[in-house]
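By letter and in written order, the chains are A, B, C and D; residue numbering begins at 1 in each of them.
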Amino acid sequence: MTRLTTSAAGVFVIAVTPFHPDGRIDMESCDRMVDFYLDAGATGLTVLGMMGEAPKLTVDESRDVVARILARVNGRVPVVVGVSAPGFAQIAGLTKMVMDLGAAGVMIAPPGGLRTDDQIVTYYTQVAELIGDVPFVLQDFPLVTGVQMSNKVIARIVNDLPTCVCLKHEDWPGLEKITALRAEGVLNKRISILCGNGGLFLPEEMVRGADGAMTGFAYPEMMVNVVEHFAKGQAERGRDIFDAYLPLARFEQQPGLGLAIRKYTLAKRGIIAHDALRKPGAALSKQCRDEVDRLIARQEKRLEELG
Amino acid sequence: MTRLTTSAAGVFVIAVTPFHPDGRIDMESCDRMVDFYLDAGATGLTVLGMMGEAPKLTVDESRDVVARILARVNGRVPVVVGVSAPGFAQIAGLTKMVMDLGAAGVMIAPPGGLRTDDQIVTYYTQVAELIGDVPFVLQDFPLVTGVQMSNKVIARIVNDLPTCVCLKHEDWPGLEKITALRAEGVLNKRISILCGNGGLFLPEEMVRGADGAMTGFAYPEMMVNVVEHFAKGQAERGRDIFDAYLPLARFEQQPGLGLAIRKYTLAKRGIIAHDALRKPGAALSKQCRDEVDRLIARQEKRLEELG
Amino acid sequence: MTRLTTSAAGVFVIAVTPFHPDGRIDMESCDRMVDFYLDAGATGLTVLGMMGEAPKLTVDESRDVVARILARVNGRVPVVVGVSAPGFAQIAGLTKMVMDLGAAGVMIAPPGGLRTDDQIVTYYTQVAELIGDVPFVLQDFPLVTGVQMSNKVIARIVNDLPTCVCLKHEDWPGLEKITALRAEGVLNKRISILCGNGGLFLPEEMVRGADGAMTGFAYPEMMVNVVEHFAKGQAERGRDIFDAYLPLARFEQQPGLGLAIRKYTLAKRGIIAHDALRKPGAALSKQCRDEVDRLIARQEKRLEELG
Amino acid sequence: MTRLTTSAAGVFVIAVTPFHPDGRIDMESCDRMVDFYLDAGATGLTVLGMMGEAPKLTVDESRDVVARILARVNGRVPVVVGVSAPGFAQIAGLTKMVMDLGAAGVMIAPPGGLRTDDQIVTYYTQVAELIGDVPFVLQDFPLVTGVQMSNKVIARIVNDLPTCVCLKHEDWPGLEKITALRAEGVLNKRISILCGNGGLFLPEEMVRGADGAMTGFAYPEMMVNVVEHFAKGQAERGRDIFDAYLPLARFEQQPGLGLAIRKYTLAKRGIIAHDALRKPGAALSKQCRDEVDRLIARQEKRLEELG
């Protein structure tokens, strides 16, 4: 199978994990979801991320989900798997498991206790040694991890560790970080920068030098469209499309509630069978579902006007 | 002067504090800003909030700013002043000072160390006793304060303390909180609920039962327009206006950077003379200013299309 | 096998997990450690706690460690197993596994995101429902979890959930909490209160109404001795013994470094073969080892003087 | 008056701020306290630190306290004043005020939001520029500030900023930090390192290379004695004295409650008239006061035995 490289670009959709209402994993919906994401133009998938409810799965379940998704993808696009864990034994075990199954690489977030520059660099140096030649995505998501990585720290990690091929950029605000990392002489190789935050800053991120997005949104076609239009030099058209989806994207980006909104929307679109989250997890009120419905209706109208 | 009451509604704009490039307070810009906010339809002002760089002012400067703004407002709308401080002596001193100057009430955020329900209720009970008959705004802003107030806690504070007349609602996500507080039998009086987060959820908040907004945005006319249209039952028109401003509002809501963007925009609009923040504070890169300019241009075009 | 009850008392030692220098679990040392703890007078053991490096073990390793320890204990004392995890599926799986192996109960810490009283009570209500009739220990350790449980919250959990039989008390400061929970009419049953913090406040905790300790220290005989002397009404003798061990106990209680110090001491005492921590983990400098050696020498001299 | 230099050594006692039961500052007790600290052998004083309830004082009160203490000290020892504040205007104002009154230098803690190495260095670079030639103490207290400074960061600050003359060392654990900073070639000047944490690790800190303590404890004579004995090469005697005071020192080091315990003890010793803390602040229960009384009685007995 193909391994993830520094030229990863486009949209790597962060996949949700579909459940039955009783909490079992819904494998049929997994298949449908994979097809949907790829039909929408995804150039890759990322599974078992934070928004994939990874921490709520047992190890056996994680393996089953990854195996199912990889089987369905069947080599059409690279699949990255989140393997963040408190201990090295778990990270090593998960990494071996998913790479054996055919993943293209792994994604690793820093543990919450890291603070100083050296602590962060040391952690990734040890992790990179641990997983050997497996390419990895550096996840920079301070709002959730509590770990602040400066440009210098990211540059040290990228420059020292050849297997660090991609930055999942999710600092907020983070635009200056992209510009800084793309500046002459900062990195000794041009890595892939794929952005997060539900795509909420995607037009600006593309201008700053991002290669695309690695995040979730119930309408991944928005991200695909925006990235493609910017790549083709049709920035204004890209912004028009972005703006049409923004009211819903903003709504889906509410912390805690966002995943429930995303799953509700995916279920409404017929992609997954149920909008169930695993416990402990948020549920949507009737009013919230109405709000989503209204945002979708207005979005469709706006897209029609755009043509 | 009029005191703040439970019927506060509309848009209380969180005022910035204008500075000269060398860090001195720019009093002329204060006057112009007050006139601008009121001309835009603000029904109140809130000064010395977090976005007013209050913690960077000396006590003497705080007094001078409040005095200048109150003089310029001259009773046209109520003015709320933020008086959050680590100690009761400071809160009492600031409250007396600003009420003597003519403020309509004060706003108080919880100190960061509060955790349990009882700790929060006890704190506000002591503060309310401390400031006597001065009406106060309860500031619920967990992203910044780190303090999570449940509906029950807010209800206990509102029901026990007659001087708590308004909730500055800034939880994220917070829509269910409005619905819960507006439900029959929860509160023993109908308080004012004014929402924050830069107006980013204003249409949904109005439907849930908010009375308006108490937040900042370089285009306060957006918030005024949205609130008025919802009040008049013209929700769809309100949403159209909201959507037109959303790309910029989203951009201005970036933590840390947001205030610099707001001041840059206000300066560009000719409302304040300089976009300077006091040290320590963020500065905008050339690219960021370009992004704002582009968002404003698109926003104007969109508003024109809307008619 | 016997299940944990509200009458748990004495010293439940938090067991370390012994490793070989290459990171494999050292099962022979597990056996020796169990014998040592029981010979020292432990009335129970707690395994897979935070100080047992539980988060660094794979699920298979966790099972193997628990099985080995239970086999060696062989019913002599009850064994509690830590099963805290981000998701309910994991908690349910771990609980079933360890109860099948013969554990007496499980210990559950709150996930770090819980803030309001109701959030905490709801979490434990759901967890208790999840694990059915398995008795559990409520772990109150705010310094590490970030979750503050008021007396009221603990009382609600204990009073609502019959399977909550024990509080692992590790608030700091926490003496008033014991007094409050032991007051007439607060709890509807007298639960077991076993204290943590490395035994650093054990004499005061016993006076306040604790039933003993559930914590780790390289000299568990200190805790056993203190608890027994207080139980026999020989408080001053208990305090003399406590004071003799305090300089080392204080040194072992350093966050981050403490476990390395504990393992170094246990290895020095011949109880475990190696002082190795699993990566990522702290290592002791030569100077630090000298400090421990000196503290042990002084401690032995002092104990001799005491007679 | 003398300015603080890199040769500061001995014990700089962190002074409490004495209050009357009604919350007014008790100036008579200030005088008595100063005399007591100096009679006990303090080589300096630090006022308006966190344990001085500085954040609860108004600016006018801060000035009055500093003026009173400086007048009473009357040049006998250098006095450091804490001037940490959210904004540069406040820091500059406070610094000028206290230096004009005769302070020897200021102490500055990092604002809680700082994370990366460069953020911390930049902050202190700007602050040092702001306060000109005033010598300052770098306060490294991560448990309270949340800011982790690596050895490298401290070295950059010390090496770049000539006015950084002293490190208030209060990391926990922090012994390796002292060793690292004292290693050949790390710093371009030998700064003063004075340790915190209530003196709880003072014997080990002295061996590692500290110059003394800058912290509070109701028995400052313990710290003076320990520092002097280590300085004279009588380490074992120093440890004997330390051990005698440790049970109470440990008890006084409880977060939140510690200051109330310290003030209760100082009042009991007749040094300050009242044990009152300003609101919001903890109060001691009868049981807690009994615990302190018992610890003091045992401490006196132990000291007598030591001779």
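Keep this in mind: contacts are C-beta pairs under 8 Å (C-beta built on N, C-alpha and C of every residue); 3 or more make two chains touch, one makes a residue touch a chain.
Source: prediction; values computed, not measured.
A.B. asks: Any chains in contact with both chain B and chain D?
C.D. replies: Under the touch definition, chain B and chain D have A, C as mutual neighbours.
A.B. asks: Taking all residue numbers at the chain B to chain C contact, is the shared part over half or under half, that is, same or different?
C.D. replies: same
A.B. asks: Let me spell it out: compute each chain's centre from its C-alpha atoms, then which one is farthest from chain C's centre?
C.D. replies: B
A.B. asks: Taking each chain's centre as its mean C-alpha position, how far apart are chain B and chain C in Å?
C.D. replies: Centre-to-centre distance between chain B and chain C: 47 Å.
A.B. asks: How many Å are there between the centre of chain A and the centre of chain C, using C-alpha atoms for each centre?
C.D. replies: 38
A.B. asks: Just the number, please: Cα centre separation of chain A and chain B in whole Å.
C.D. replies: 33
A.B. asks: For chain D, give me the residues that contact two or more of the other chains.
C.D. replies: Within chain D, no residue contacts more than one other chain.
A.B. asks: Quick check: in the complex, which residue numbers of chain B touch chain A?
C.D. replies: These residues of chain B touch chain A: 172-173, 175-176, 179, 200-201, 204, 207-208, 239, 242-243, 246-247, 250-251, 254-257, 285, 287-288, 291, 298, 302.
A.B. asks: Within the complex, which stretch of chain D touches chain B?
C.D. replies: 23, 53, 55-59, 61, 85-90, 93, 111, 123, 126, 278-280
A.B. asks: Across the complex, what residues on chain A touch chain D?
C.D. replies: For chain A paired with chain D, touching residues are 115-119, 142, 148-150, 152-153.
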